[in-house]
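Chain naming follows the written order as A, B, C and D, and within any one chain the residues start at number 1.
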Amino acid sequence: MDIVYSIRPLLAILVSLGAAALILASGRRPNLREAWTLLAAVAKFLIVLSMAPSILNGQVLEYTVLPLSPGISLQLRVDPFGLYFGLLASGLWIATSFYSIGYMRGLNEHAQTRYYFCFAVALSSTIGVAFAANLLTLFLFYELLTISTYPLVAHKETPEALAAGRKYLTYLLTSAVFILFSIAYTYQLAGSLDFVAGGFLKGQGSPETLRLLFVAFILGFGTKAALMPIHEWLPTAMIAPTPVSALLHAVAVVKAGVFSCLRVIDYVFGPSLLSDLDLWLVLGYFVSITIIGASLLALAQDNLKRRLAFSTISQLSYIVLGAALITPSALMGSVLHMAFHGFMKITLFFCAGAIFVKTGKENISQMNGIGRRMPLTMAAFAVGAFGMAGIPPVCGFLSKWYLCLGSMEAREAVFVLILLTSSLLNVAYFFPVVYNAFFKKEAGGAPPVREEVSWWMLAPILICALMSLILGLNPDAFIHFHQIAGMVAASIRGF
Amino acid sequence: MIVPYENVIIKTICRLLLPFLQLYAIYVLMHGHYSPGGGFQGGVMMGASFILLVIAYGLDDAQRRISVKALTIYACLGLFIYSGIGALALLMGGNYLDYGTLPLPLSSIPKIRAMGILGIEIGVFLGVMAIMIFIFLAIASYETGGKDD
Amino acid sequence: MNPPHIQATILIIIIPLMSSYAIPLLGWRWKRSAYFIALTAIGASLVCSLILLSTVLTQGTIHYHLGGWLPPWGIEYVIDPLNGFMGVVVCTISFLVTLSSKKSVEKELPEKKVRFYTIYLLLFTGLMGIVVTGDVFNLYVFLEIASLSAYALIAIGEDGAPLASFNYIIMGTIGACFYLLGVGYLYIVTGSLNMADLAKLLPPLYDSKVVLIALAFFLIGTAIKMGLFPLHVWLPDAYTYAPSAVSSFIAPLMTKVMAYILIRILFTVFKPSYVIEVVPVASILSWIAAVAIIAGSILALAQRDLKRMLAYSSVSQIGYIVLGIGLANKMGLIGAYLHILNHAFMKGCLFSVAGALMYRTGRRNIFQLHTIHRKMPFTMGALVIGALSMIGIPPTAGFFSKWYLILGSIEAQNWVFVAVILASSLLNALYFFRVIENVYFEVSQGGLKEEPAGDPVREVPLSMLAPIILLAAGILLLGLYNERIISGILVLALPRGF
Amino acid sequence: MIDSMMSKYNYWMYIILMMIGFYAMIGKKNLIKKLIGMNIFQTAIILYYISIGVKKGGTVPVLMEGLPRAADYVNPLPHVLMLTAIVVSVSTTGVALAVILLIYRRYKTLEEDEILKSIR
């Protein structure tokens, strides 16, 4: 593994921070402001993409910004896993930016400058989380992400939105306390915080200490990954504008949570230490509760966004489960699912937002016959729903396949059962939506008129749906998700 | 407000006493650097003599003789002499307050030091005197109002 | 004869001292000159302090013998890395705060400008004197100079200011007297007042009860002066009612300098081994500090007045510094030193923002600040940065002092302190996000839209805004470059044996 | 026991004085009484310092002919220190009196209870 020093990781972070400043400066001129957003999104994606060839050649890019604390630097390192997350986040940001413009203008929202500013800062911190080379750098960007998304969650400024914002902060800052404690303790034990593929904590403390540390880590990062029973902030945060929900769910926040969980599992503790400590099975069962429980709760939701939220909670635990199973295939599945779930979930959220912009409807019971009004949108929704349930050829099938394979390798068939049950539940809560939208009559009885949303919104929806399909057919298409995921799984030693 | 107490005895005694008080104050000052006494003690006595004046002749009369403005200047001047001598030593290449380096036409360094201390004491004397009177006037004239600035 | 850069040791004090009585002389004629003289004097001190710090770091400790008298007979000023560091902190904050004081003094105390700056410079002189001196009694004198000027400055505020000031006088005098008694007891057993000399003479006497009592007196005295819970009762009122220029000067500096005295006494006059092993003073202090952290935060939660909330938060933050001192290990002490610096910047920034709010709106109630961010975007941005730093969000400065304190607590294997530090950052988040929410989200309370009488609310003038922005930027930069500060200065400032 | 207590009577005196002052500062409600307590408190410490400088048979610490030994003079340093402390205490009293005047002008009383009542 050769290390190449490159400033590109830093540039990828700074480009949207710079854009954030420009957005603030041009707050009075909406067109210019949104041009900055789009420009930064594209530039960021191109920078991240430009790093892909060297990573695929087996190199690692590194950049040390400055020392943060004796022995710890603000250091960025682009390894396959980081690149993977970076590509996902920056790629989906482009889609979200276009969609945001359509959505915010469609609803004529207030405080748009603050909205775009926070969005850009949130993306910077997400990329920072992706490229962080050690736990402290990760924590730094992780906290920035929390703070910068808080105004987005509370964007509507109604009492409910403020309450949701408070809840969001309460959950995430409390979890940050656990993370800070675990990081400090890790530093005390190991004297280092740099991520090492396969972990660096082995032999650095008594098993009891390490178990405690692991629990503290999972409690901390698991809050952002919305593991049950610390998931409550996520459905509440659904009060935010839909692009924010999409950002929270598909692009940045919860993905940063699972990404950090995976970093801890595979790069701090490492598979062999986890199996020594007998923690993997415990974690597996723990997240299985979330997988099934969240799916069951999703059934009971009438609000479309809340239903999607519980679906997210369930799907995120797939990813953590894949890492917990400590087999290469499972890890491969979990890494793949990060991206694939991102594409599918963002499609679903965009559709929910489009429906809200056009008709003002939020509840599933009001959506009978909506498929005739908005056929393209609902078709995209159907693609996403199929993917969630793991039906080929949508990409959700592929990651689930790897996860099942991994559970077999780990000789724990019960997890296959759990995955399949959850798929069934997915069918149960998504298909009625699709069915009602296309095959039931609208309540008023008026003849349905085709009225799609503007192309600002429709194009991202269709592109994301299409991507879900293409990635299902050829997972290496465009940005080599499959290959990079393979590299990630191969790089972890100690299975 | 302190008004003059119309009593000939008090006024006369006061008038007799004041020069001696002030002279004694200056005596205490001048001998301060090699015997008990010094600028602070002398200054307090000097200040006390004015306070006696205020008590006997009333506030208005005393303020006509020594105004707040003059007191401020005295106080600042006193401190200026003090730190000025110190700073002069600094300029002459010694440490702060190192009187030995002062450019005085005296034969030996101990003599120069003694003179330096005397200068310091004079500064302290002026400062303490002015501040003593100042505090007294400020407190005594509170009823007339507006003097708390 | 000493070269000029050594003479900076004394210039750092006499420039503001001489300027302080140049102000009334010149102020009779030119009232406007007061501000400029004060600013120039503090600026000159800042330059001196920078010269001193760089000299100390390159050439080692500076010993300056006042009047040429050798210690232990004469007064000695000693600049070591800790001093040099404190000097730069005090001068920098004072300079920025003084810069911003012009307009608010003109508005709040138009008639008293000249005398205000006289006393203001005396306060600064006192603080600098405490920092540079190497003599325990001389320190007492400067302590009283600083305290007396602080009493006077606080008393000119509004509402309950005189009473707050009087309570401060009573408490402060008790504190200073206890300190003086401590000096007396040490003098009985050693016959010396020089810190370095005391440090040499004391170790054979560590069994003596007199030394123990002296230490106890020192601790009580400094604890009162720096407002360590539960001796903090004077602090909230004093900070709340003082004029805004004063509270943004006193709040960041006064208590920090007092904490510096504590460090000096514990680790220079006494040996670390004494306060850690012979008498468990350090651990007692750290437990008191832990209580202070939590109690201060909880009391801050109950406040509706921005300045009073910040004052109680100061009580809690003093706890952090004392906790770091009490931990008495390398990381803990670094945390304490760094927090002195960081907290000075944070509180300077936040109190300046409070002053700016008072200047433009006359409001201190945190529930009456809706929509203010539109009128004063930069000031409110600084408020957010300061608040995030108080909570401890990386990469702001506040996070890193907390980080070292946590490392120190873990090193000491004391999990209660870890929990206390973490819990207090959550409490900080509670009360600071309450402010941020009220400032930024207007629809929440139905909105309080009416303008205060007089001028329409807009951004404060540049002379106030620039220091606020510099302080806020300082918070970010100190966070990012904290490692440079630690490895460049603070590691050298640690007491011997760490 | 008694002997050792009696031989250090100056300490007892200063502690008693200090406690009287302390009581007045904490227990009294009238601000002037508090101030008087503060003065007693400071004076106690000054007395204590003076007493530790005293030497039986010592004389004024100004160099005199025929008394070459340092043991013949009382220790001048505590006195010098106390000179400074007296200055400090005078200034503290001055500031405190000024503040009391301010309080009186604002609330027309010096009783702490009444002031607190009128603030609320």
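Here, a residue touches a chain if its C-beta (ideal position, glycine included) is under 8 Å from a C-beta of that chain, and two chains touch if they have at least 3 such contacts.
Just so it is clear, the model here is predicted, and its values are computed rather than measured.
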| item | value |
| --- | --- |
| B-D against C-D, pair bridged by the larger set of C-beta contacts | C-D |
| Closest chain to the centre of mass proxy, which here is the mean CA position | C |
| Distance between chain centroids, defined by C-alpha means - chain B, chain D (Å) | 24 |
| Centre-of-Cα separation between chain D and chain A, whole angstrom | 70 |
| Chain centre separation (chain C, chain D; CA means) in Å | 28 |
| Where chain A and chain B are represented by their mean Cα positions, the distance between them in whole Å | 78 |
| In contact (per the touch rule at the top): chain pairs | A-C, B-C, B-D, C-D |
| Chain C contact footprint on chain A (complex, rising order) | 66-70, 74, 114, 136, 139-140, 143-144, 147, 151, 154, 157-159, 162, 165-166, 169, 173-174, 177, 180-181, 184-185, 187-188 |
| Partner chain A, residues of chain C touching it in the complex | 388, 391, 393-395, 399-400, 402-404, 406-407, 410-411, 418, 422-423, 425-426, 429, 433, 437, 440-444, 480-484, 486-487 |
| Sites on chain B touched by chain C in the complex | 69, 72-73, 75-76, 79-80, 83-84, 86-87, 89-90, 93-100, 149 |
| List of chain D residues in touch with chain C within their complex | 22, 25, 31, 34, 38, 41-42, 45, 48-49, 52, 77-78, 81, 84-85, 88, 91-92, 95-96, 98-100, 102-103, 106, 112, 115-116, 119 |
| Contact set on chain C toward chain D in their complex | 137, 140-141, 144, 148, 151-152, 155, 159-160, 162-163, 165-166, 169-170, 173-174, 176-177, 180-181, 184, 187-188, 193 |
